[in-house]
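What follows is a pair of complexes built around chain A, which joins chain B in one and chain C in the other.
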Partner chain A sequence: MSSKQTFIQNNKRDAPRARPSSSGWRNWIVVAPFFLFTLLFIVLPSFSLLTRAFLDNNGKFTLLNFAGLFEPSILSAYWVTIRISLATAVGGGLLGFLMAYAVTVGNLPRAVRTGLMTFSGVASNFAGVPLAFAFIATLGRTGLVTLLLKSVLKINLYDQGFNLYSFWGLTLTYMFFQFPLMILVITPALDGLKKEWREASENLGASHSMYLRKVALPILLPSILGSMILLFGNSFGAYATAYSLTGGFINLVTIVIGSQIKGDILYNPGLGYALAIGMVVVMSVMMAIYYFLRRKSERWLRQ
Partner chain B sequence: MKRRSIWSWLWIVIGMLYFILPLYSTFDFSLRAKKGVLSFLAYQRVFEDPNFWSTIKFSLVIAIFTIIVSILLVVPTAYWIRLRLPKLRVLVEFISMLPFVVPAIVLVFGLIRVFSGAPFFLTNTYFGTYVLLVAGYVVLALPFVFRSVDTGLAAIDVQSLTEAAQSLGANWPTIIFKVIFPNLRVAIMSSAFLTLATVIGEYTIASFLVGIKSFGPYMSLIGQNKTYESSSLAIISFMITWAFMGMIQLFNRGKADTSALAGAR
Partner chain C sequence: MAYLSLSNVSKVFGTTTAVEDFNLEVEKGEFVSFLGPSGCGKTTTLRMIGGFEMPTTGVITLDTEDITYQSPNQRNVGMVFQSYALFPNMTIGQNISFGLQARKTPEKEIKKKVDEMLGLVHLEKHIHKYPYQLSGGQQQRIALARALAINPRVLLLDEPLSALDAKIRVELRLEIRRIQQTMGITTIYVTHDQEEALMLSDRVVVMSQGRMEQIGTPAEIYNYPSTEFVAQFVGQLNILPVTQVNKKDGTCVLAGQQVKFDQSFERSISETPRLAIRPEEIQIGIGEGRNTLKGRVETVMFLGAVVRLRVDLGGVMLSADLFNERNITLPRAGDEVVISFPEHSCWLI
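Our next item is the complex of A and B:
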């Protein structure tokens, strides 16, 4: 019944709807360029890597390339990449969350929030080569902070085992664009926390920390985790910053892929393709979890 | 002052220090090109370098083409799935999220493998590599261009505008270019500036396709052999990013939704 009714209503609509032939090829010709572009420049490259990952040097089907992912040097590349991504996702996520919390729920002047949002937009987009330069000038061997620590606090970072061009240095550098990104993605969720919930829990005699633990945190948790996963993916796929900071001398998956493009450093093209596909798989899993968590958080935080 | 706002201020101050210290250090460093005195010598050298201007011009032109192509691809598609093909919406949204899943380094790997050989041979000519570069950047920009345009479309009554234009006798190109585009100018401008900010210093894709012709790889080259100039380049590049993001704020009137996730990291 109802479908018949809408059919009649649709037909009763005024002339313009009837004018273009709403069926057939004319409808598709508008969206065709978009799909053609995606097919050529996203789907085709990905599929080309995927099929090549299953071929050996003679063009025969093989699974050996994926077995090659478990070689110690490749495993360690994945391990370092995952550790850096995890450290910057959690570290950047926490700092970003606390800052976003400060300007949304904490009692700070409105101007601080506006300023922070502008800054986050800029800083989350400031990455790659110039970011590497900035951190060399800050925490490199003759960087300002390194020298300050040496002269004022008598701490020599590099004697303590710190090195800008290794794990911790790269983590600190990535943090520069990670926590601003967290601020940008978590602020809408924090805005969704209703005042009524806090008032209600206060009326029921809850302390502030109790409200945080029992009300705010459970509601925010999916958003926080989801945003951190976004940050994880963000540094997992990063190449430019790491390459220009370390000159390619750090064993990250992206760096290995980069060297593989320049010349077959793995002495096995198939392994390079498998490496790239492994990366896509990790990112897809991350995005799937992200969407699942976002669904969860939307239940409470619909605006 | 309440105890809670002391904590709030503390986190803000820590974050701001994290932000300002590297920039201050870089700026300080960039002024030390002349021994013993602070000077803008490093900046002067950068500005006197013809390669600085040619690479920045090259990257700007590539960015402008990227913006034109991505707007021409996304706006009609987003408009049409709102108006006529709502069942395609899920698919288009999914596609626009794909660049998150395929990192830039993997994308350029695939692009080179597909288009360097038969039947395309795009990397054999300069023009071919430029086409590939623009295509790669359009892919990178896709998530935020689509989201921005789609939010823009949600704010206007697409159906009524179209019907009104049709009853006045407008044909489809007229509707899209003279009715829909002007109504989306905020969305278009902000995604354009975000694209500019991402593309201008992009390194990953550019370094494999065109090398030091573009600004990102040029900066990287300077970084390998000129210490002070590289710091001044970092400051200049930061100013450029700041300027573009400032423009977005201006267009959006403070409603900042400006996160380029698939950017040039």
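Our next item is the complex of A and C:
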């Protein structure tokens, strides 16, 4: 064997090993809980929902559950739910956007941002019975704020037409967790607005409003739309807050589903399943609208 | 009166002085570069001219008009940013027309101007593309076209080439100079790249720690640096310890060997004088009428156009740059060599 060959062999033996790539199966194990969770709590329930929506109480195939969706009370439930979801998505979205804009792009002190973000983290998760109780305790007929306004400013909210247990009362209550959620989800997008875009715009002679109209808002539009859809979905699926606050007085789809499944007087789980499918359809339509608008508004992004 | 003038301008952020007592007069059509290391205040000064920072003290006038406290959108000053700052939601054509729309220019004129600007930067075919569809160099050309479209009184460029790779950088700086000369536009250019500043500028302002160190033509800055900072920051420089300095005769002793230095080039000299000499002034071999020293080659570094030798003069290390030629015969590490340089090429600092 020549010395050259020996060198090559030695060289091979001494060559540093390439960094071992992680085994594929290990990576799959790490993400397995996600897939398991998805299967158990999304895919299987959805499948179950879909199949049971076509069964009557005796387990036989029927289309009556879906026919029931077109009853006036059910259509009204959908309409009320959509209206509340739209109102809180738009209202909470705008309020949250303006507040997030003020603490990110505006010149407010850093401490205000920190405080607002902390509040938003807590408030966006404050829902259900505690939230309903908090609002009853403050804005209910004998709530603290109601009485304070009555005694100090001589303003009786309820005489003025306000009612916490009405559509707008519920909307106001939902806003408490909607606008903080908007702040949380839109802030990263606002942070992504480059300072140089504003400066370039000013440098080219544009006013602040021109910058907002032509640069900032078009760039933010996809994020704003996405966030508002999230808010819509958040409100659309809410149950505990509305039920605790109004006790079923407001005809929301989630409350109707609850009463169909819990089996008080209206026991008809098949209709409940069909109602849930109806909610999936509404959300799908909203997602489709969102997808269309987003595609239109972000043609300029790298595809 | 100068076209653009900065008088006693300073800027303080909290307790930090970013720019201190800055005075500059720029003539119409002149190309002036601010050169210095990061944090020396060059960008802050540029931003004060652009209106993005308000001076703490001082006055800025442009074409006899006091613009010190004018907002950026009233100054009619064009700016090109390091990160291009093209609006990503607009096509190239829309980007260039943005400033004209802000000025409510008639649509017909806007179209004509956009075409003209695209022609100037040779990117006519890209009018309908979005910024992400262009390379970094192309985006920066569009940023330049956008800044020029508004017919600015002054063009400000804030390290416009730093984000680009070396080859594009060289191409684009030639392009910038060509366009500047074609349009005759007064230009302020910020850079930390000395080659860029020397190549592009009519005059260079060297800055350090918020202060102007020297202002002059590229040749003045390079050949006659007024401070040690300028001498070291611009180009390569050997700074060598010397003894037995005789300012009258213009002689000193370097590593035990006598050297004559340039007496006429008077600068403030430190308490322990040192001899400054540029590596490219040094030759291998004896030269008539030149300082001649003996040494030993430590390393030979091939840098392409230049070959850099590190020569040990007996405890004192010195760099010498030789221009590369195809048939060059290079000394090897360990070789004893004689080096020489003219007396006018070295000075005391």
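Definition applied: the second predicted complex is superposed on the first by the 226 of 303 C-alpha atoms of A that agree within 3 Å, B and C clash if a C-alpha of one lies under 4 Å from a C-alpha of the other, contacts with A are read in each partner's own complex, and residues count from 1 in each chain.
Going forward, a contact is a pair of C-beta atoms (placed from the backbone, for glycine too) under 8 Å apart; a residue touches a chain by one contact, two chains touch by 3 or more.
Since the structure is predicted, the reported quantities are computational estimates derived from the model, not experimental observations.
Student: Of the partners chain B and chain C, which touch A:Phe232 in the superposed model: first, second, both, neither?
Tutor: neither
Student: Mind working out whether A:Tyr78 is in touch with chain B, chain C, both or neither, as first, second, both or neither?
Tutor: Once the two structures are laid over each other on A, A:Tyr78 reaches no partner at all.
Student: Would you sort A:Trp197 into first (chain B), second (chain C), both or neither based on which partner it touches?
Tutor: second
Student: Between chain B (first) and chain C (second), which, if any, makes contact with A:Val215: first, second, both or neither?
Tutor: In the superposition, A:Val215 contacts chain C only.
Student: In the overlaid three-chain picture, which partner chain does A:Ser207 touch, first (chain B) or second (chain C), both, or neither?
Tutor: second
Student: Could you look at A:Asn27 and tell me whether it touches chain B, chain C, both or neither (first, second, both, neither)?
Tutor: First partner only.
Student: Is it chain B or chain C that touches the larger share of residues in chain A?
Tutor: Greater contact footprint in residues on chain A: B.
Student: Hey, which residues of chain B end up touching chain A in the complex?
Tutor: Residues of chain B touching chain A: 2, 4-5, 7-9, 11-12, 14-16, 18-19, 21-26, 28-30, 72-74, 76-77, 79-81, 84-85, 88, 92, 95, 97-114, 135-136, 138-139, 162-163, 166-167, 172, 194, 197-198, 201-204, 208, 216, 219-220, 223-224, 230-231, 233-234, 237-238, 241-242, 245-246, 248-249, 254, 256-261, 263-265.
Student: So in the complex, the part of chain A that touches chain B is made up of which residues?
Tutor: 14-17, 19-20, 22, 27, 30-31, 33-34, 37-38, 40-42, 44-46, 48-49, 52, 95-96, 98-99, 101-103, 106-108, 112, 114, 116-138, 143-145, 175-177, 179-181, 184-185, 208, 230, 233-241, 243-244, 247, 254, 257-258, 260-262, 272, 276, 279-280, 283-284, 287
Student: Can you list the chain A residues touching chain C in their complex?
Tutor: 194, 196-197, 199-207, 210, 214-215, 218-219, 299-302
Student: If we count contacts the way the header does, which residues on chain C are in touch with chain A in the complex?
Tutor: Listed in rising order, the residues of chain C that touch chain A are 50-52, 71-73, 76-79, 81, 83, 85-90, 98-99, 102-103, 130-132, 146-147, 150.
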